[in-house]
Each structure stands twice: as C-alpha cells, then as structure tokens.
Amino acid sequence: MITAGCDVGSLTSKAVVLKGNRILGSAVIRSRTRPEAAARQVFDEALAAAGIEEADVACCLGTGYGMKKIPFVSGTKSEIACHAAGARFLAPSAMTVIDIGGQDCKATRMDKEGNVERFLANDKCAAGTGRFLEVMAKILDVTLDELGALSKKARAPVTLASTCTVWAQADVIQYLNSGETVQDVGAGVNNAMAARVATLANSVGMAPDVCMTGGVAKNQGVVRALEKLLSIRIVIPRKADPQLAGAIGAAILARKAAEGKGA
Amino acid sequence: MIVLGVDVGSLTAKAVLMKDGKIEASAVTRASANPRQSAQKVLDLLFEQTNIKPADVVFSVGTGYGRKQIPNVSLTESEIACHGRGAIWANPDVRTVVDIGGQDAKALRMDEAGNVVRYSYNDKCASGTGRFLEVMADALDVGLEDLGALSQKAEKTVRISNQCVVFAETEVITLVNDGAEPADIVRGLHQALAGRVAALAKSVGVEEKVAFTGGVAKNMGVAAALAEALAVELTPLDSLDPQLCGAIGAALLAQEKAKA
Amino acid sequence: MNDILVTAATRVGNPAVDEWKAEGKGIIGHVCSHVPEEIITAAGLFPYRLRGIETQSTSIGDTYFGPFICSCPKAILENAGRGKYSFLDGAIMVQACDSMRRLDECWRKAGEDYPGIVPPFFHYMGVPHKVTDYAIDWFVEELEKFAAALEAQFGGKVTSEALAEAVSLHNETRRLLIRLEEMRAMDNPPLSGEEAMTLILAGTAMPKSVYNPLLAEELDAVSGRDGGHGGKIRILLAGSVVDDLAMFRTIEAEGAVVVADTVCFGSRDYDGLVEEENPSFKSLARRYLNEQFCPRMFGYYQKRLDVLKKKIADANVDGVILQNIRFCDLHGSENGLFERDLEAMGIPCLRVEREYGPLGDEGRVRMRVSAFLERIAQAA
Amino acid sequence: MRAALSEYNYDWTLYAMFSTAANTLNGSRKEYERMLPRVSTFRGIIEPVMATGEPGKLFLQGMGEYLRRVVNAHQEGKKLCLTTFCQAPALFWAMDIVPILLEPMTVAGTLVHKGGTSEFMDYCVEKGFTETSCSSQRGALGAYLCGLAEPPDMVVIDTPGICDTNANSFSFFAAHENIPFYQLNYPPELTADRSREYHRKDYRNLIAFLEEQTGKKLDPQRLAGVIAEMEKQDRLICDIQDLQRVVPSPVPIIYNFFIYALRFTMGGRKEATDMLAAMLECAMDNAANGRSGFLSGEERARGLFVYIDHYSMNLPLWMFLEEKGITHLGGILDRFYQARAPYAGDAGYSLSMDSLDAMIDTLADANSRLPMVKQIRGPYDARDMWLEEALSLAKLYNADFAVYSGTPGCRNTWGMVKLLARDLEKAGIPTLVLNSDAFDDRVESWSNTKHRIEEFLEVRRIAG
C-alpha cells in the first residue's frame, strides 16, 4: 500500500511518499505565506520523486503548524504524534524524541508501542528554536550548515544570554565587537541552544534511546553539546533526513488509518 | 572646518561629513558582523561622493554599537547623546527623542542645553525594534520601505498578540493563511510596536516637542501610530534623514571638540 | 442565555452596572478572591471584580509595571488608564500576589499622568498568608478598617443585620454555583465549559441581588437538557486566573468538554460558605482565609491537592490542563507539583504557559491541547 | 543534570573551595602559588580579597567555617534548616540548628563554579519549578532538589507577605520533599503596633516549631550569648557605615559584600564579629590618614545600590567599580536598621537582654528590619519603605547616582522600580535600572551590563 504524509511547518513544508517500509520519494521546501500552495507544491514534488500519481496514494495525512489548511489530506495528526511515529520508523530503538523545528522545540516520551506517553513543548521563548539558530547564523555570517561545525573549531566558547533570541543577538554582536572569534561565538550559540533543549528533555523524563528529529538535528554542534549536557548518546536518523520525520510519521499513521488500525 | 561623524549600528553603518556646520555628504550601508569592516565600507562610500579627503577631516567622533571598533576616530560617544544632539540641532525645541534602530529602541529627554536628563532602553523583548519589522516585512513578502504606505491602506487593524519577534512571525503567517489583509496586519504590527515604544517613552516622561529618529522613523506608519499612542504630534526634523541623526550628532560633537 | 449575563461575562461595562449607577449607588472594584465582598454589599455598594478583558495591548500597563510581570494586572491598568473603569466609585487593592499588589502603586502613579483614572476611594488591604488565630485576628482588624473606610466615604453603615443579609445573599450565589458545578459533573453535562464559565463570570460583574435570580432561571432552563457532551474527553482546568472564555473555547473547539476548574473566577470564588449564624467579621475572616485554593497561601499544598483530587473524582475527569500566565511563579510551580503527583496517580496532565486571556495566542495553545487530547484518546 | 556536575556535593564543593582559599592566606607566597590550581575558577576573586588584608582573610575563614558547619551538621547530630537570607540566623545558632541560607549558597556557587550556577538553575525547571522565578534561590535550590547536598530537615522562611517568589521557592521545596515547613508572615506596615504584635506572636510560634523539630527547649543562656554577639556586630556595622559618609569614603567597597555575606550566614557568631572589627580598624586607619578605601586612592563618584549587587563571574561589579574609582555606598542588603545606625530614623530596633521575653521580642524586631522585609513589604511609597529609604540614604551618603540591579525573577521590585526610578530622578538622583540578572549572566552577559553602566555614567556625566 502506498501512503503519504505532508508536514506543513512554520518554516518548511515536507512531504513523504511511503510504500511499506520504503520511502519512495520526499521533498522539502520553504513554507512562507501560503500553506495550501506550499502543501500542494511539496506534495507534487514528492510524488514526482516517487514517480507515481496522486491516485496511487491510498491515504495521506497532514501535520504541522499549517495542517488544517492542507486541502488534499484525508485527516490530520498532531506533530507530536507524527514525530514520535517518524522517529520510531527511522530509529526503532527510540523511546524519547527531541524535535527542534523552526518555531518550537518538543520532547516526547513514548511507550513500547510508540504511543505518546508524555510530551513537553517550550512555550516560553523563541530561544531554543530553529529560528534562533537562523538569526544567529545570519549575524555570524555563516550558513546553517557551517554553524554546527564551528563548535568543533572553538577554543573557548562564550556564554550567551540564552533567554531571548534578540538579547542573545545583542550579546553576539557585543562579543564580536570585543574581538571574540566566530568559532567561539558560534559554539556559544550552539551551547545556548543545547542548554535550553536539555532542560526540556530532562523534564520530560528521558528514556533511552533518545532520537533527535527536525531540521536542527542536522546541526552537529547542537547535537554534541546536547549529548554532553544529557550525558547520553543521541541517535540521529541516517535512513532519511531527520527534518522529514514528521512527514514520515504522518505517512505511517496514514497507513495505519488506511489499514483500519487506530486513528 | 571639516568634521566627521560615524555611527556603526547593529544593522546599518552611517557616516556624515560636515563642513562649517553644514552637511557635506552622508552615507548609509548595511553593517556586517565585523564593525571595523562596516565602518570602512561606509567611509569609502562617503568619500566617494565628495572631493574631500580623509586627511582634510580635523576631528571625528564615532558612535553606535560598534563605536569602539571604528578605526581612526578621535573620540567615541554614546548613541544616546548623539541622537539627542542631532535632534536638537535639527530643531532646538525638541526635548524628547524616540529612537528606534535595528536592535533597540531608546527614549531620551533633554534640557534646553541638550544635556540628556533621562533615558531608557526597550525592555527585554525585541518587539519594539526595527528588527521586528524586518522579520515581518520578510514574512509578508513586502519591502521594508513599503510597509508605511501599505499600512495607510488598512481598513481595520488586526491585533498581533505575540510580542516576541519569532512567535509574531508565525502568527503573521497564520493570519495571512487565514485570509487577513496584509495592510491590516501591518497596521496591527505598527500599533504593537508603537505601543511598546510609547510605554518606554512615557516612562522617562514625555516632554514636548518630540522627535522620532533612527531607521524606523522613515516608516510613516510607525510614526503615525507612535504619535497616536503618545497623543502628541511628532516634530518633523525638516529634511534631515532620521536614520542619520546619530551620525550627525557625532559630527556636531566633533565640531565642538575641534573648536575647543 | 440571557443577554445581560452574556454581556456581563464578556464586557467591561454591562446594563447591570448602568442601572445600579442610575440609582445613584456606588461600585467598588477589587482584584482578588480573598476580598470579603460581603462587606461591600453590606455597605450598600456593589462589589465588582476587575478584569483586563477587551484590551488590545498593554501600552499603559507597561509604562508603570516592569517587563517581568504577569500580564493580568497590566491589562487591568490598561483598562483603567483608558477610562473604562470610570464607573468605579472606589477600588480596593490587596496583597493578592506580588504582581497584583503592585497594581496599587502603578495605578496611583498612572493617575499622575492620566488625571481622573484613580477612583475617589482607593484602599489598600493586607491579607495574611497563613491561618492561625492571630492571623485571623489581624485580618479581622483589617476588615474593620476597611468597613470603617467605606462608611466614612459612602455614608452607609455596615450593621450586623446588613452583614447577615449580605452573607446569605452571597451564600445563595455560592449554592447556585455549586449546583452548576454538579450539573457539569454529569455524564452528559447540559452545558459546555464555555457556557458554564459565561454564567460564572457574569456574577463577578453584577450585583448579586440581580444576578442570583437570573442564574437560578438559567440553571432551571438547562437542567435536564441534552448538552451533547456525552462521550467527550473531560477536562479540568487549573492554575492561573481565567476571566475570559478564550481558553475554554480553544479546548472545547478540539472536541473536549471542560467539566470542572479550580481557577480564580471559577470554583475558587464559590467553594466554601460563610457561617450564617450570627455572621461577623470573624466568620468572614475565617471563610476567606480558610479556603486556601490559591498558592499565595504558602504551605497548604497538600490541602489543595486534595481538593483537586476530589474535583477530578467528582466530575470523572480524563485529563487536567495546568496553565499559568507567564511570570506567575505561584501557579506555574505548583502546577509542576500537581503534574508530578497527578501523573503518578495515572491522571494525564498538560502544563501550558500563556499570556493573560485577551493577550494570548490561541494557535500555540491549540497545538498543545490537541496533542494532549490525542494522548488521552490513545490511552483510552 | 550533567554527570560531571553530580560528582561532588554542591555544599561540599563550596566548603572545600572556601576553606582551601582561606588556608592559602596563611601560608607563604610559595605555598599560595601551589594552592591556586586547586581552587580553579575561584582564583579570580582570591587576589582582590587578599588585597584587602586581614578583613578579607577573616571573611574567607568565616565563610569556610560556616560551610563546614553545614556539611558536618548531620554528623554532629544537628538539624539542618533551609532558610532565606532575610531571616536572622541568630535564632538558629542559639537553638543549635544549622541554617542553610539559600541565597548566599547561590552566590557562593556563582563564585566557585565555572559558568556559575546556571546548570543548577535549569535543574529546577526539570523538577517542575518555574524558570521565571527569582534566580537567587534557583541556583542552590537546583542542587538541593537533586539531592546534591546535605538534605535539610525542615524549611523556615519569613518572606510570605514580603516576596512571593522567594516564599514560593521554599514552600515548593518543602512540598516537593515533603518536609516540615514554617512561615513567618509579615503584614504590610512596618511600624504599626498591631503588626509588631502579630510578628512577635508568629516568632514565638516559630520557636515552638523549632523546639518541636529538635526536641530541645530554647536555652536562654545560649540565646543571651548569641544576642550579645549580635549586639557587638551591630555596633561595628554602624560605625563602619558611619565612616562611609566621609568623602572620600575610607571604607573599601568590597566590605559591603563581606558585611552582608557574613551577617546573613554567621550573624550572632564570633567569626563575623572578628571580621567586622578588623574592617573597622582598617577603615579608621584610612580615615585618620585621609585615604579613600580604593587601592588606587581616588574616589571619583559615589553610587547607591538601591537593590542587590551583581555576582556572576568573580564579582565583576566590584572590580569594575574599584577600577573606576566609584564608591559602592551599599544598598538594601547591608542596612539592618539598628536604632543607632546613621540612617535608622525612628524605624530602628534595639536588642535587649533584660529578660527572655525581651530577647525574643527584640530579636523578632531585628528580624522584621532585614533586607527586603523592610523595604518592599507594602506600597513602595508608604512610610519607611523603599522610596523613603532610597531618598534618605542617597542624601545621607552623598550619592551621585543610584543603580537598580536585580533579577527578572523579582515580581515585587519589577512591579515598582520604574516608579522608584521616576521619583528618584525627580529628586535629582540619576538612576539606572539594569535588566541584568545578578546571579545568571545568561540573562545579560556582564560585558553588556558593563556597557550599560559605562554608557549611563557617560551620558549622565558622572565620574568625569
């Protein structure tokens, strides 16, 4: 059976087409202002990548911030449930998922069946979201890809005002002005991010293995710092882009729905 | 006598050359991560426009976030003092200055002599800054310069509940998704920003006349909302570019020091 | 539902306020469930609980309060600053929580800049944080001072007959609201949480003498009705002050029904009757200190947990939403304890931090609520 | 919590650092150099503390002794009571209970741990405590919540009615650990008789509670000893604070910190008295020779700290002021309102040893004048409260400016500091309100805070 998942996030939209346990095709695009259009586009791209027609898809579920706006799906599921399912698929040993997306960060604990047992989401402040890293990367004049690597090259990472994206920004500028290296400041950024996430992960009561999903899982600096803070090894999905986890989860839940199991 | 004022802010670098108390040339450029480079860039732009040579400058003053990193300036001064000085030069009746730049908003009050008697910064959130508008302009796919005009087309105001830049961005995206008119949203954003900054200004005590400076002052929508929130009329600084106010203040100070 | 009730629940001003004013009688605003409203009623005045509803921003509030303060008192000051509370003849400030008690000086200071916004009668009252005989004695003196101040300002006399009458009037309100709570606890509640809250809120903005008969009528009208809420996930709402309907709407829009609460404006106001036999300031002091559902009463956590557990059992609750307004550490951290202890008993909990009612962002709360409801449904 | 952090107990680490540091001062230069690596991050403050000579040495020894008592309490068969800095420790010492002063424990941790106590603060969040709460408690509280310290047997506070955030963190801890809890509750007015009555009754109740917890009666003899010591300390503090009025001030600025740190922990014990006596001697010597308390000699401006100070990263505030020649005139933390203090007016207390009742009552009075308890229990502009105090201190001590430094966790002061600043400015005192956090430099880094202070001095033309 072929199913699909479409995850319209605050920053990016993702779609995945699944056949059994095989990803036939996937796509990631920037979301911006029109979720309907973004969903359509990313879904079409995924279908094209999979080389199939929309009619071949037995069931497609939507998730993410814009899920209520996706016209072609047969139902929706929360991001929490989808990331959990996606993480299970990508890393079958996962019991805890840390998902850092563009506008929030969530930690979810699952039971053996992969059901959500407890979750926490940061509602406080944008510090601790992917957007925080984007803003910082911009000031540091590096790409998102490069930001993660800075940590490795740092000698003495700075301590950053981590309570607020914008305040941290002021701090970053102040540090650069006083001659700190881009590596040390960049590492400070990654550490500040990790510190916020660690608190969340600890509060949810982590059980091993811990799997990280969402775009920020691609930032090595954050992942390493987080491992250090949590004293634990973090599993980063290799089977597919971790940013796709939500969409994959939606596709899996779509399959369950189509098979009449749950949902 | 030729003097120079350089203002390296968080988002833009500005420079002004003054000759015998008149503005000879000015330049604005986007600041990079390195303030020294930004300063150099804006100075290059500045001297390109005139046949005055750097060597002709008798005194220079640096200000702004990156002031400590500006090469070869004779003196540095805080942007608070410079904005005050610039505004009172443009209009001697000005007593309160509201400055909204890229990174922060400030309000200051001066005595007749232009000494700052009180000032305050925006509180711990970025909702009252130019950065807020930049992010929103981006999210709405509107040019920064066009926000002001757009807000004047608004028929109603859409309230933005999040103060946080990052969360407000998502909220704006959702609003657009829900079919709200960009113009109405922009007016809501302007009111939100003006409301926060008005609170700041009121906490130092608003005394007429009030001038509005900094890059955001170029946005008529914010200016209108600020005037409304403060219930005063903003005093226009004639033809002076509000974004240059700090650099002008720095140049004025340079002139003063050179004379002394 | 009666229009007057809906207006009173959702607007700062309402016809009951206008009518009362037209009769030339005074209105006293207050801000905390620990204020013995009976004294105000006994003085011939109308106790009105202040809210920050209908605010768009807190520009005036932010001028006086600092940034790290609960947005609720800021929103109240906003309304005051904009003249929306011009119908008040007096206001009483109390040591509710630290954010709220600073409304006293911030309001007075704002009065220097916005002339006329401070009501002619402005009284500060202390409320003990513990219950001992000397705390009750001290509080009784505080109540006497308050009553004397009211008498001096408004000329009425707080006689023991008037007090007895006020006590039975307010107890009547409490009894009606407890009846409402029982209806909500039914398997298929005849009304939604939003409707119930509308009824409750209205009472804080109307003279009880006007409110009681209207409420009784509504309760009779809905009793026995099929509310269509059978089989829905049943939620209890706890934590910081909730004085508008947005939170209820958000939760119920996701398909759940709010069947109970322990919030200020909700059950916190009506739980616990005042002794009706020869009521005195002492009986008031006892009632208002002994009901310690607010974490401002330090050291009574266990008691509050017991109340919560009882409500969960009575209303057959499936999950508890523990919300707090940002910077409300009292509720925020007590929610942490509740979560630990309730989850250990197998009761699913969701903690959310938010802004005060009208300043809140529904979208972010909705996302969490929907995932929470999924979690409960999955477990079922 | 990071594994490395949980290797050693929090309180034990502090004890080891302080006592090692105190010992270095007794040895030769060579021994000192050898000792330094063992006190790692703490080194940054040893030099400046040492530069103050005898008082600094006695300060470190006093803190070392205090911490020794904390870590050994259970071994010595004593009860440990978790309490707050604005609760007079004298009563506990008199009842043979070792008080854990939570906020001073946070400050000490801030000085000793690399990166301060931020990770411990985060640990509170993991236990369900709010991250917006006052950081002065959250630092050490994190360590106590995760069992990284000698566990307290009970909790006693006097902040209900004063500060919710403070009281709440203690009641949270007591509920979390399910241990006995006692609160002294203050009414809003300071000097009214009925409030004093309330407090005295409450204080007696507290004694009954402590007796029940320890199974021992309050020993009048012992109480008298502690009160006599407190009385001596009060006199010394008043004399030092009198000298601070001289321009230039002959009192080294770091003394303010020493005074409150030891008064909060060792008030009523000899160690604090010795330190204060040494301080007075040095200050008098400076005064006699017309010297300022600055190493550099010159006093360029005088600042009043209307709230607390800034502690993160090796006391940078004091180093900065020292470098700039700006006298720290103290603030609410070191004003205790003894009747003979130069600022006391009629709000002062006097200790009495006439009878057991008199001792208890006057100790209760002293308690009711402690920092925060006095200033912010009621409306900020009421009699004897924050505004009146700040204005009179500024005048009495010839302050050129005032600074509010606090923590975003402080609902109380953030609810009124804008008003205070406005009123101080109206009285001609330039006032700076900092957004930083005294204990957590992740809220605002010290370099940014310093930038704000420098800018203020520059714009308001203070200190040349």
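Residue numbering begins at 1 within each chain, and the chains themselves are lettered A, B, C and D in the order written.
The definition used in the following text is that contacts are C-beta pairs under 8 Å (C-beta built on N, C-alpha and C of every residue); 3 or more make two chains touch, one makes a residue touch a chain.
Remember, it's a predicted structure, so these values are computed and weren't measured experimentally.
Chemist: Centre to centre, using CA atoms, which chain is the farthest one from chain C?
Modeler: If we average the C-alpha coordinates per chain, B ends up farthest from chain C.
Chemist: Just the chain pair, please, that has the highest number of C-beta contacts.
Modeler: C-D
Chemist: I'd like to verify one number: the distance from the centre of chain A to the centre of chain C, where each centre is the average of its C-alpha atoms, in whole angstrom.
Modeler: Computed value for the inter-centroid distance: 40 Å.
Chemist: Please tell me the distance, in whole Å, between the geometric centres of chain A and chain D computed from their C-alpha atoms.
Modeler: Computed value for the inter-centroid distance: 44 Å.
Chemist: Determine the centre-to-centre distance between chain A and chain B, using the mean Cα coordinates as centres, and give it in whole Å.
Modeler: The separation of the two C-alpha centroids amounts to 37 Å.
Chemist: Among the residues of chain C, pick out those that touch two or more other chains and give their numbers.
Modeler: In chain C, residues 63-64, 66-68, 326, 363-364 touch at least two other chains, as defined above.
Chemist: By residue number and range, which residues of chain D touch two or more other chains?
Modeler: 127-128, 408, 418, 422, 435
Chemist: Two-or-more-chain contact residues of chain B, please, as numbers and ranges.
Modeler: As it turns out, chain B has residues touching two or more other chains at 123-125, 167, 170, 174, 203.
Chemist: Edges wherever two chains touch, nodes for the chains themselves; is that graph a line, a ring, a star, complete, or other here?
Modeler: Per interface graph, the chains form a complete graph.
Chemist: Would you tell me which residues of chain D are touching chain B in their complex?
Modeler: Residues 408, 418, 422, 425, 433, 435, 452, 455, 458-461 of chain D touch chain B in their complex.
Chemist: Enumerate the contact residues on chain B facing chain C in the complex.
Modeler: 123-125, 159, 161-162, 167, 170-171, 174, 191-192, 195-196, 198-200, 202-203, 229
Chemist: Write out the stretch or stretches of chain C touching chain D in their complex.
Modeler: 63-70, 95, 97-99, 101-102, 104-106, 109, 124, 126, 128-130, 132, 134-135, 138, 141, 295-296, 298-299, 301-302, 324, 326-327, 329-330, 332-337, 339-340
Chemist: Could you list, by residue number, the parts of chain B that touch chain A in their complex?
Modeler: 10, 32-35, 65-66, 68-69, 103-104, 124-126, 129, 131, 139-141, 164-167, 169-170, 173-174, 176-177
Chemist: Taking the touch rule as given, give the residues of chain D at its contact with chain C in the complex, in rising order.
Modeler: On the chain D side, the touching residues are 127-130, 132-133, 157, 160-161, 163-165, 167-172, 174-176, 181-183, 185, 187-189, 194-195, 197-198, 201-202, 205, 378-381, 408-419, 422, 435.
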